[in-house]
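Here's a structure for you.
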Amino acid sequence: MSGLPEDLRAEAAALEAVLTVATEPVPPGVLAELLEVPVERVEQLGAALAASYEADERGFQLARVAGGFRLQSHPAYQGYVERFVFDEAPSKLSPAALETLAIVAYKQPISRAQIAAVRGVNADGVLRVLVQRGYVEPVGRDDGPGQAVLFGTTAEFLERLGLDRVEDLPPLEGFVPDVATVEALEHVLRPDGGP
Amino acid sequence: MSGLPEDLRAEAAALEAVLTVATEPVPPGVLAELLEVPVERVEQLGAALAASYEADERGFQLARVAGGFRLQSHPAYQGYVERFVFDEAPSKLSPAALETLAIVAYKQPISRAQIAAVRGVNADGVLRVLVQRGYVEPVGRDDGPGQAVLFGTTAEFLERLGLDRVEDLPPLEGFVPDVATVEALEHVLRPDGGP
Amino acid sequence: MPYEVHLDVFDGPFAVLLELITAQRVDLYEVRLTDIVDGFLAELARREALDLEAATEFLLIAATLVELKCRRLLPGGDDVDLDEELALFEARDYLLARLVECKTFQSAAEVLAALEQAAARSFPRRSGPDERLSPPAVDLLAGVTAEQVRAAARKALAPRPVERVAVGHVHDDVVSMHAVYDELCRRLPGEGRTSFAALTAGAPTTAHVVACFLALLELYKQELVELEQLTTFGELAVVWQGGAAAPAGGTAMDDYDELATSSPGPGR
């Protein structure tokens, strides 16, 4: 944490840690609560970190996007990043992505937490891909505590599958889901941490 | 890029940029191709970056996991990150499952029957759980009669354990009970009751 | 989170024996065998369903222990069969090797758990590229049909496998005690003096041999046969005592068959 005022360093490192794992821009309010500091302090930390990354000519930057802070690749290295992303870009959905898409399609509206509960693993990354591709979108918020964002399929998804309405999906008739799955879908288990 | 040798800085920044957008550990070979440098250079860059993050007491670290480099939050900030991601840790593996996992990890590739022989009981159920968790997968078939499916550990397993390669597992010899323990066991089973 | 893998803690018999030995920290000479047997029985009772495989392994281990203890208690004789002696040593070495191997992997498993715990303190970055990088306009759903989406949904929502030990194959040959008893009653009057080995020479499975033995015991109880065994593990002679005609029916064996049919079978 060289280049940062002594008194900011520990908090700045904690902020870095959180931004490292975040998949969406994190609002300063959320960070303030996590770090148990005033929002102004978060803004100060963010600005100091952003400046130090810039001064250090790091490959990433701390950006203020969509009402939150985000760690992102520095535009100076866009070329490398693009080649990396496009080389790795799949030409079709992974089985995990297709499963997540199917869960959303049949159980919409559904929260991130519910999807994770059904799949048994964190589905954030996969969900991001689906949102990015325009197959899935936020359609509302849950009434429960935390007001989790609920996701549903898009018109684009229906169009790609050649369907008019979600109801035209082939029925899951005669199919008994897992007890754990039913439970997962019935309860909103925890607040969805997303912004 | 303070703290890094001058000649490494530009390449290190490019590497940082790529790791910022990666969702899986990135093998050195892939990075070498992207940066158009030899693999040894990538290893050198990775080690230098990892050391500089640690020296700077950053909130993230550069780890060598499952055959690649990845950015991850520093363990020191586990508390903040945990509260942020709300991620339920995957349910813990039972001692039986862990033991089976250890057998597969050290004896891979290994068949169902061979696992059962070591454990003294049928291991099908435990094995299914491990496969479902993504820690273990079929890796081939035995040449012998019956062509039994052989199992091995996955990249996911390495990631979960924070290991780079299977070879990095602590050597099994280190776990063989010490002479005193073996003697104690032997004593219990001694038929003549002699000293 | 409702998703949890239902793991029965299922230790192999070697793990249990190891635990018994290390927990008691005593030598076989001092420990009462009933303690070990009670330990095994408690372990078996703790398991909800009868598991033949585990029970058999337990039995084998218990038998070996009993044998070892007997050897220790009885003064050694010169008449000990060398083959028997070697077999016992082999059984003992086998047990010892298994215990050592078991302990080795138990320790390894502990270290794996510790590694996992340490690794779990760091969280990987998984954010992926941001929106400044628009992915190439490839239709990832190309060729995907609604039917495939349904199949994926079924797969994702399907019950997860619950850990279960299959014992189906163990139950495969059901031997009717009744039939074996009747068969012996038909056969023995014509045989005069015969041996257990001869009677079971053509037995297709171990279960048939066991059934034959139980049926002989029942016949012995009814005083229809005389049994003679001169040496331990020696030949078991069987002599019919019931006269020329076979008895009317082996109703006594119904108890056995009832037992056999009421024992928990595999869920097929």
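For reference, chains read A, B and C in written order, and residue numbers begin at 1 within each chain.
Following the convention adopted for this analysis, a residue touches a chain if its C-beta (ideal position, glycine included) is under 8 Å from a C-beta of that chain, and two chains touch if they have at least 3 such contacts.
This one's a predicted model, so the numbers in the text were calculated from it and none came from an experiment.
A.B. asks: Per-chain C-alpha centres versus the global one: which chain is nearest?
C.D. replies: When every chain is reduced to its C-alpha mean, the one closest to the whole-protein mean is B.
A.B. asks: With contacts defined as at the top, give the pair, A-C or B-C, that has more of them.
C.D. replies: The greater number of contacts lies at B-C.
A.B. asks: Report, in whole Å, the distance between the mean C-alpha point of chain A and the mean C-alpha point of chain B.
C.D. replies: That gives a centre separation of 26 Å.
A.B. asks: Distance from the CA centroid of chain A to that of chain C, rounded to the nearest Å?
C.D. replies: Inter-chain centre distance comes to 49 Å.
A.B. asks: Whole-Å distance, chain B centre to chain C centre, using C-alpha means?
C.D. replies: Distance between chain centres, rounded to whole Å: 34 Å.
A.B. asks: For chain B, give me the residues that contact two or more of the other chains.
C.D. replies: 19-23, 60, 71-74, 81, 85, 87-88, 132
A.B. asks: Check each residue of chain C and list the ones that touch at least two other chains.
C.D. replies: 1, 3-4, 123-130, 133, 160 - these are the residues of chain C that touch more than one other chain.
A.B. asks: Can you list the residues on chain B that touch chain C in the complex?
C.D. replies: Going through chain B, the ones touching chain C are 19-23, 60-61, 63, 65, 70-75, 78, 81, 85, 87-89, 91, 93-99, 101-103, 105-106, 118-122, 124-126, 128-129, 132-133, 159-163, 170, 172, 175-177, 181-182, 184-193.
A.B. asks: Tell me, which parts of chain B touch chain A in their complex?
C.D. replies: Per the stated touch rule, the residues are 1-3, 9, 12-23, 26, 30, 34-35, 56-60, 71-74, 76-77, 80-81, 83-88, 90, 132, 134.
A.B. asks: Inside the complex, what are the residues of chain C that reach chain B?
C.D. replies: So the residues of chain C in touch with chain B come to 1, 3-5, 7-15, 18, 21, 25-29, 53-54, 57, 65, 67-68, 71-72, 76, 88-89, 92, 95-96, 98-113, 115-116, 118-130, 133, 160-167.
A.B. asks: Taking the touch rule as given, give the residues of chain C at its contact with chain A in the complex, in rising order.
C.D. replies: Interface residues on the chain C side: 1-4, 123-133, 135-136, 138-160.
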